[in-house]
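Below, subunit A partners subunit B and then partners subunit C, in two separate complexes.
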Partner chain A sequence: MQTTHDSLSLLTGENADPLKGGLSEVHPSTERKKKTPHQSGWVRGHHKDGGGYTKEMPKYITAGAFARARAAEVSAMLKAVRKTTSSSHVFEALPKHMRRRAMSHNTKRLPHRLREVANRMREKSLQARRRHGNLLLEFNRRQRKNIWLETHIWHAKRFHMVKKWGYCLGDRPTYKCYRACYRAMSSHCLLQDLSYYCCIELQGDEDKLLAALSQLTSKEAGPTFAAALCLSGRRQGSVMVYRAGRYPSQPLGPVTFLWRPRTQGSVHRQLWIWAHPTLKQDLLPELQTVCQCCEAVIPPAAPVEVNPTLEADSEPENTPEAKPVPGTKRKRSRKDATGPPAKKILGDGTRLPSTPVSWRSSSNGIVINDLTMEIVRYRLIGPQSHSVLVDTLEAATGCDVRTTCSLWWPQHCSDEAKMTLHQQQADIFNILKGIYSTAELPSGTVLGLTVDDPRLTLPRKRVKALPCVKQVDEEKRRKLMLEGVPEPCCQSFIWEQSVRDNVTDNKISEQELNRMRSEVLVPGSRLSPTPLQGRVPILLVHQPGKQVGHEMSSWGAGWDLLLPKGWGMAFWIPLVYRGVRIGGLNMSLKHSQNKAAPHFPRDYPDCPAGMCFQEEQEAELLDKFKRHPPAKRTNYIKHGCVAPFRCPWQQLAEEWEIIVQEGGSQARTTAQADAVTEERTSQQAISITKPLSRFTVLRNRKALRLLSAWCRPTTSKGQRPCRVGELPPISCEAVTSFLSAHAMSLVWVHVSLLSKGKPEYHAMLCVPTPEDLKALGNRQGTGGPQEPPHRDHFKSRIKRRKKEPKKASSSDLVLGLWPDPLPSVASHCSRVTVGWVTQGDFSMSAGCGEALGFVSVAGLLNTLLNQTSEHKGKLLLRNPTSLHYRFAKINVEV
Partner chain B sequence: MVRLKSRYLLCEVNVSDRSQLLLLDDRAIMVAVKAAVARTHGDYGAAMCSIRFCVKYLNAHTGIVFLRFPKRCYKLLWSALPFITSIETRGQKIPCFLNCLHVGGTIRTCQKFLIRYNTQQLHRMLPKCKSEEEKQQVRKAILSCSLTESKEAFEEDSESEGEEEEEE
Partner chain C sequence: MTEPRNPSMSSIPQTGPAHTDSSSPAVEMDPVEYTLRKRLPRKLPKRRNDVYVNMKTDFRAQLARCQKLLEGGGHREICVHGLGLAINRAINIALQLQASSQGALQLAANTSTVELVDDLEPEDPDEAGEPMTRTRNNSAIHIKVFYPDPQ
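Our next item is the complex of A and B:
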């Protein structure tokens, strides 16, 4: 009767938590344990803590310790015995001969002792779950973690939903509509709910705001917040934001912004900045620092505003009490009397009510408001989006109620100036009818408007909105197309918090509206007079289409519709009834791909959000890869693909910098590729001594224009003759001077394949050898060179490891993937890599494979220098799963 | 039901010096049993023993072992267990013998038996305690091994009460 005291206490600890003990079996001698069918609470085999024994063993133990050991074992066994097998049903605990049919349906068939447990586990009946109050409670519970958009239920019935960036978003529809959506984008209209974009409102004096914001942007990268057209409030602008004063090196991401038009004699301005949710968390602190806004203000309106959330949070405590029992009215009525009725969450349901949404600066009077989820934003893409809008919306009808009431519209009606403004806006809106295509309007045009409730004019059947061109004054139409909307008409009352709240609070419920409809004398006729609550201030913002490149100019232009919160579904259904297609996240990616525009956060590898995206994507793809059985996985090592799941941009930029330094003027031969591998080894030594410089994406307009001109062949069928005259022709000196400024840069390129092939993401862009180009010149039919298959040196290592499971090496080798650190990425294959593709697909607009990606500036220039004028800008593209190189033409588009 | 039936032997490893018990591991016991069977029943026994024999559980602190034998030949293999006089582990020879406490058809019955057996042992220990301190400790141990049961039962009761309240 002798054992140790301390080890006994360890034992009790182990046995008290047998599950943990079961998981921590790591010592190699217990390999067979995996086969045990008993995953129950008791730990099989030898009990020890991580394999180590206490060195000295005491000679005696007390009876107490002995007893404790027994007790611990008993409790472990008890737990093991009590636990039923993994199934959730209670009757699994019964022996087979005691089971009866339909026990899960009728718990009275169970023995009495199990009935309680079974009752507790039984789901509520479907009717109970579907009852409106309970359903709302359930919905409110489910949106506590991820924000739901207002159209969530609509989307959830039709889309594959994904949880992204703290929202529940529709990814792609469950029905097949890829081509139909593309057709809608290019010929009719595609609708998207973009309410997840975050709006940040800045208020303050114009000069102070501009001074603060100028730190975030640079003129070299295009127009800034101070662009005259945007500043007047007539256009929406878009800008790339950097960390304060860190122009080329630390970008944050792209934002769009909208100034509220000036009111007479006031320098106080209002600015909305729209940013992607992943960008917001970086942008908001940055804005706070540049504006020196650190005092969090909880506005007096806030408690009222967050009330629904509060109630919703307190609600679930009442649910067990309010559990309905079928067929008992008494209980339900009591529940209605006591529990507060569940309220629909409008806006951000995940935020705590105490979280500040507003910050004020004491020094310069700037106020920052976080308007996330306060404004609904719908995007209509396509040339007919204006006719959909004109069909759906109707300018608000005036009202001649002289009585004072709390609604905003009657108050506004009594003001003459406001009514004339409304009349002007309505006129312009009517001119929109006469436009042939949305793309005819100046990009970024803003139109403020007040409209009637669109539910009142809902067609009884789904119709397709078609343009009707004739009845509009030609001159007015031309004026609108050339000059856009005049400045006063860009004003809208959606800018005012009080009006927004008023509109949201006084929305007529669907139920009430249906009741009013049913009371109309002639069924199906329009409600008249229009109920007073049904006037909504909105803002229409024109979205530019494809701006870069020569082909398909202004493809995918459209309108953005901004609404006060709460009105999302009221506008969504009428829009859907006008025959638009609905797209999800997937379609917005395709939209930007066809526009040849980078898509945030995917195509911003130098921004924090982009890096985060890349890591997530790599983890996701690797996970997917590992789900295949090893024999069915692509061996990427054999395909010569170093990094199939991510793009090591930093390494690429560094390598190309070194290649160029060592002697970029050499021809790219295999000899050079060998030299590069040597350099690679020496490079690690260099990179230690050198201060680490991060790669950047080239966004300097001038430099891009220069590159674009150099890329273009001087003679080609598809290209317009370019005006190289103003720009210096490509030469060694020009390239060297260019590289001295942008050696560590990447540049966004548009790649179109010359023959067949469908590029995929992470496809490599490589430099063709002179022989390849010669072959291309000789026979047009050739598909392109082949990469000789590589040898997988790691395979044998993996096999060896499998044979000797004892000597498990620490490195995580996966068959077919290069382990870290990666070899030289540039010169790994027979053709030197200059970049990777980030989006690629068969382009339905061009009729061939098209891709978008980044290439290293140094690599690109080095290639261009060595290419003859007829083959200028021709590269090879190879998918990660293929050995076949395809010829492609790259364009740098500005 | 079609399944491979087995017999589970719940054995106790008896050693003279209990501190040596901590050196045991399941492989050592397996080797010792196999050797004993081979010695007593020859090649036939060894073959029987190699098929589905396995050490399912070992608690080094109490010396409890679960052995699994095929049902067909468990009596033959069981008869070899008394011939185990020592177990060799980590280069040490531990003199011991195996005492079979229970033969069960499933692990579950063995576990149930073990619970009963251990509590019984503890109850037997209580009157034989020499000092007051020992008595306290044993009493605590007895309480602790029954406590889990009572606590769970208590929880169930309270939950069901809550359920009833809801129903009303």
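Our next item is the complex of A and C:
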């Protein structure tokens, strides 16, 4: 009604000022119009001097129609005027001179007409907000967009949280613990919550599953889903997944997988595939294609029609959820007040109820289930992680209740076969006490177990779990170390949906547990009959440590603990009480860096997730760069760094392809030769880029082994050469045939600096000239050569643009960065670039700067061919913000 | 010194039956089929006066560490352990310690055999079936370096 009233007041006449206060400020043109001599009527639309349209003046105006025609405009105008600034305080609608101190606290300081609104808007007291139901509602609202893990609140109190991949994850702790975490990884135990990893379950006949999955992998890149030991369910396997039948060219990413051990006389198998959340959205459609599973099984509770195409990605970030509108919280809470706010058990609440999580194939009977957030996964890294586990967990005690009860454990206790199996598993778990280091076990071992609720044995103070090498049966220990866990003991009831649900539903709440504790006669003693609900099926999976390279072997080995959902905190706190360190996302990056393993998605530039990551990282770094004042920025052009925020792998691979084609066998590492090719490449790049395919990362095991031998592997800092098997020596013919097989490819290398220096990400790996190597041999120039500073030709252009601000033609020019069509990346500097570093830091395990990155295979082979045997594999490394080259030794590690 | 054979520190994936010191009956294998991966030797709890000698750390640094333990650390005796290639170095360290103490220190050497575990991973896991694990033995030395009791 307000609107119509105002619009009518517009009509009342010229002398009445229709727009009071703020309105006249917004539209000064309306006022000006009034003063023109021709102003005799109200005319809509644009007109010059008001003259053109005044000829046909309406004789009369129908107020209703007139107002209706303008209602939209007026309301838009009023809305613009009334709109307050970002926050929704009432007093922001007031002009400045009417504002008073502490208005939000004391509403009586507001004008009377606003008081009521303000009272309604006032936040509830902290106590009211902290009331349990309200708090849960608030929590549910806050995790609508980004899922919380079960340990979220624990982490949020202690960690810098980041919103990534649709989850809220702890990045790094707020306290200083970088070194402490490293020490924990190398000598005790570091704990991480990896529940954000997505689990996809496949069920079906073994041969059909294998036939379907074999399209996704290749034997050339290592063991596949069909590896005998993994297939038996005794080991966890890891594999690189490609798009169906596109082995070298279209990789998706790495996954780990776990087969459920066979049950007697059944070909029906169950397989869990664990993938990173960014990989899942690519992997799930691919799995559906190869398994021909397109029929979405609609969850029975939701009779809503679902669109199968939309359901292909049930990735939580893609769920079509309404954006939370500010102010809707109140309405929702009032609506929900009818029923008690239910606590979300994660996994249920995070996806729409109508979203299917299961797909069935009509042709081959394979069923795909999406078990995201159904299983909690904790990772313990470090040589003592098994002692932490042994300390925390206790094999479930049996019970002789013969009553029929809905809990799963009493039912299992009545079955003799299941109890013997449980006894065997418990025995093996106890053998773990006799082991000193986690790395002694065969990598990837799986152990199923049922344990008591660990909250019951919580120590009163935080203690450090230390190994006490007990005198366990030597023969059994030896058997476990040599052969791993026997196949039946890998079975766990966590594989069964019904048991998982039962355990999750019947968990004793913390409150109830405390009540039971308070009723114990001797305070602090253990609850004597363990409550029946406190038996949890778990799965322990051994994680191999460093497997490549010659040093620090099996560093960072550990155990993964898989739990049914809902039990996350019940296991987390007891683990923390055993003196483990907690790591966040950045520690998992450091972990993989010390293991010299590529970290997904950062180090998979050929995968869709890796490309996505690279773009995000570039935007982030560029944003950070632009936040500095121009005078304080690094001028990357002067440093000769073409792409400081992103590695143009494709361009690098293409350029090296051309260099090799042109050069043939001719040596082309000197800068002069490349200065010539630079022009040629830039011309030819346009014509040749078309037929060239996309770059790939070399993952063929045989080729990698050959390359590794050609690099002449040494220990870090290049001290001692390592022995390699008998492989063909490097020669022109061998290189040519190698390159023809693996054109346009990059290879993952491990770089260790020979002298000082700390590599950073996106540092360049360059080819040393013969003079550099000579200087290195003479021990004169051990510091490494210098890059002459480059000239910044764009600076003048930017200055010119500043003078003429009208012409914003080249708006993408940023001071210190190359504009978009990059020049030749390989031969931009005095030393030819062959690759870039993706992770680099001072390595505390090697005691020198170490980096991991990719180099072009063509470039690397060309370099190796021209190097003498004593300097084989020596490259130069230069940080983007420095002009100083450092000598480094590269190793290809298989 | 062409290869860091100290098993406590290194593992060399290599092809072929490179190590013939395997105590187990020789496993028939094709040189291309398997990758050898050595597991770390079994570790035992370490006291403060135990020194495990390796081939990676500088010799002088390890010697200095032992001297510090004996002089500054207040230990009456230390135990120097060496395995495989490091036996030589362990003996050297012990002898150097004795020489530099002008006869005040005494040595007592013990030898032992340590069982090591190797994993043989098939290159083509689908056909080859089970990866093999084998054990082999390696020699170790434990030298007690101590000040003899005054009586």
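By our rule, the second predicted complex is superposed on the first by the 698 of 894 C-alpha atoms of A that agree within 3 Å, B and C clash if a C-alpha of one lies under 4 Å from a C-alpha of the other, contacts with A are read in each partner's own complex, and residues count from 1 in each chain.
Simple rule for what comes next: a residue touches a chain if its C-beta (ideal position, glycine included) is under 8 Å from a C-beta of that chain, and two chains touch if they have at least 3 such contacts.
Note that the coordinates shown come from a computational prediction; the quantities given were computed from them, not determined experimentally.
Peer 1: Between subunit B (first) and subunit C (second), which, if any, makes contact with A:119: first, second, both or neither?
Peer 2: In the superposed model, A:119 contacts subunit B only, not subunit C.
Peer 1: Which partner does A:180 contact after superposing on A: first (subunit B), second (subunit C), both, neither?
Peer 2: neither
Peer 1: Is A:848 contacted by the first partner subunit B, the second partner subunit C, both or neither?
Peer 2: neither
Peer 1: Figure out whether A:73 sits in contact with subunit B (first) or subunit C (second), or with both, or with neither.
Peer 2: After superposition on chain A, A:73 lies in contact with subunit B alone.
Peer 1: Using the touch criterion from the header, give the chain among subunit B and subunit C with more contacted residues in subunit A.
Peer 2: On the superposition, B touches more of the residues of subunit A.
Peer 1: Determine, under the contact definition given at the top, whether A:532 touches first (subunit B), second (subunit C), both, or neither.
Peer 2: The answer is neither, since A:532 touches no partner chain.
Peer 1: I'd like to know which partner A:481 touches here: subunit B for first, subunit C for second, both or neither.
Peer 2: After superposing on A, A:481 lies in contact with subunit C but is clear of subunit B.
Peer 1: Quick check for you: in the superposed arrangement, does A:226 touch first (subunit B), second (subunit C), both or neither?
Peer 2: second
Peer 1: Flag every residue of subunit B that touches subunit A in the complex, lowest number first.
Peer 2: 17-19, 21-27, 54-62, 64, 107-108, 111-112, 114-115, 118-119, 121-122, 125, 129-130, 133-134, 136-138, 140-142, 144-145, 147-149, 152, 156, 159-160, 162-163, 166-167
Peer 1: Once bound in the complex, which stretches of subunit A touch subunit B?
Peer 2: 1-4, 7-8, 11, 29-30, 32, 36, 38, 42-48, 53-54, 57-59, 61-75, 77-82, 116-117, 119-120, 320-321, 323, 325
Peer 1: Show which residues of subunit A lie in contact with subunit C when the two form their complex.
Peer 2: Touch list, subunit A to subunit C: 219, 223-224, 226-229, 436-437, 439-440, 442-443, 467, 469, 481-483, 547-548, 550-554, 701, 705, 715, 720-726, 894.
Peer 1: Which residues of subunit C touch subunit A once you look at their complex with the stated criterion?
Peer 2: 1-4, 9-16, 18, 31, 37-40, 42-45, 56, 117, 119, 123-126, 128-131, 133, 135
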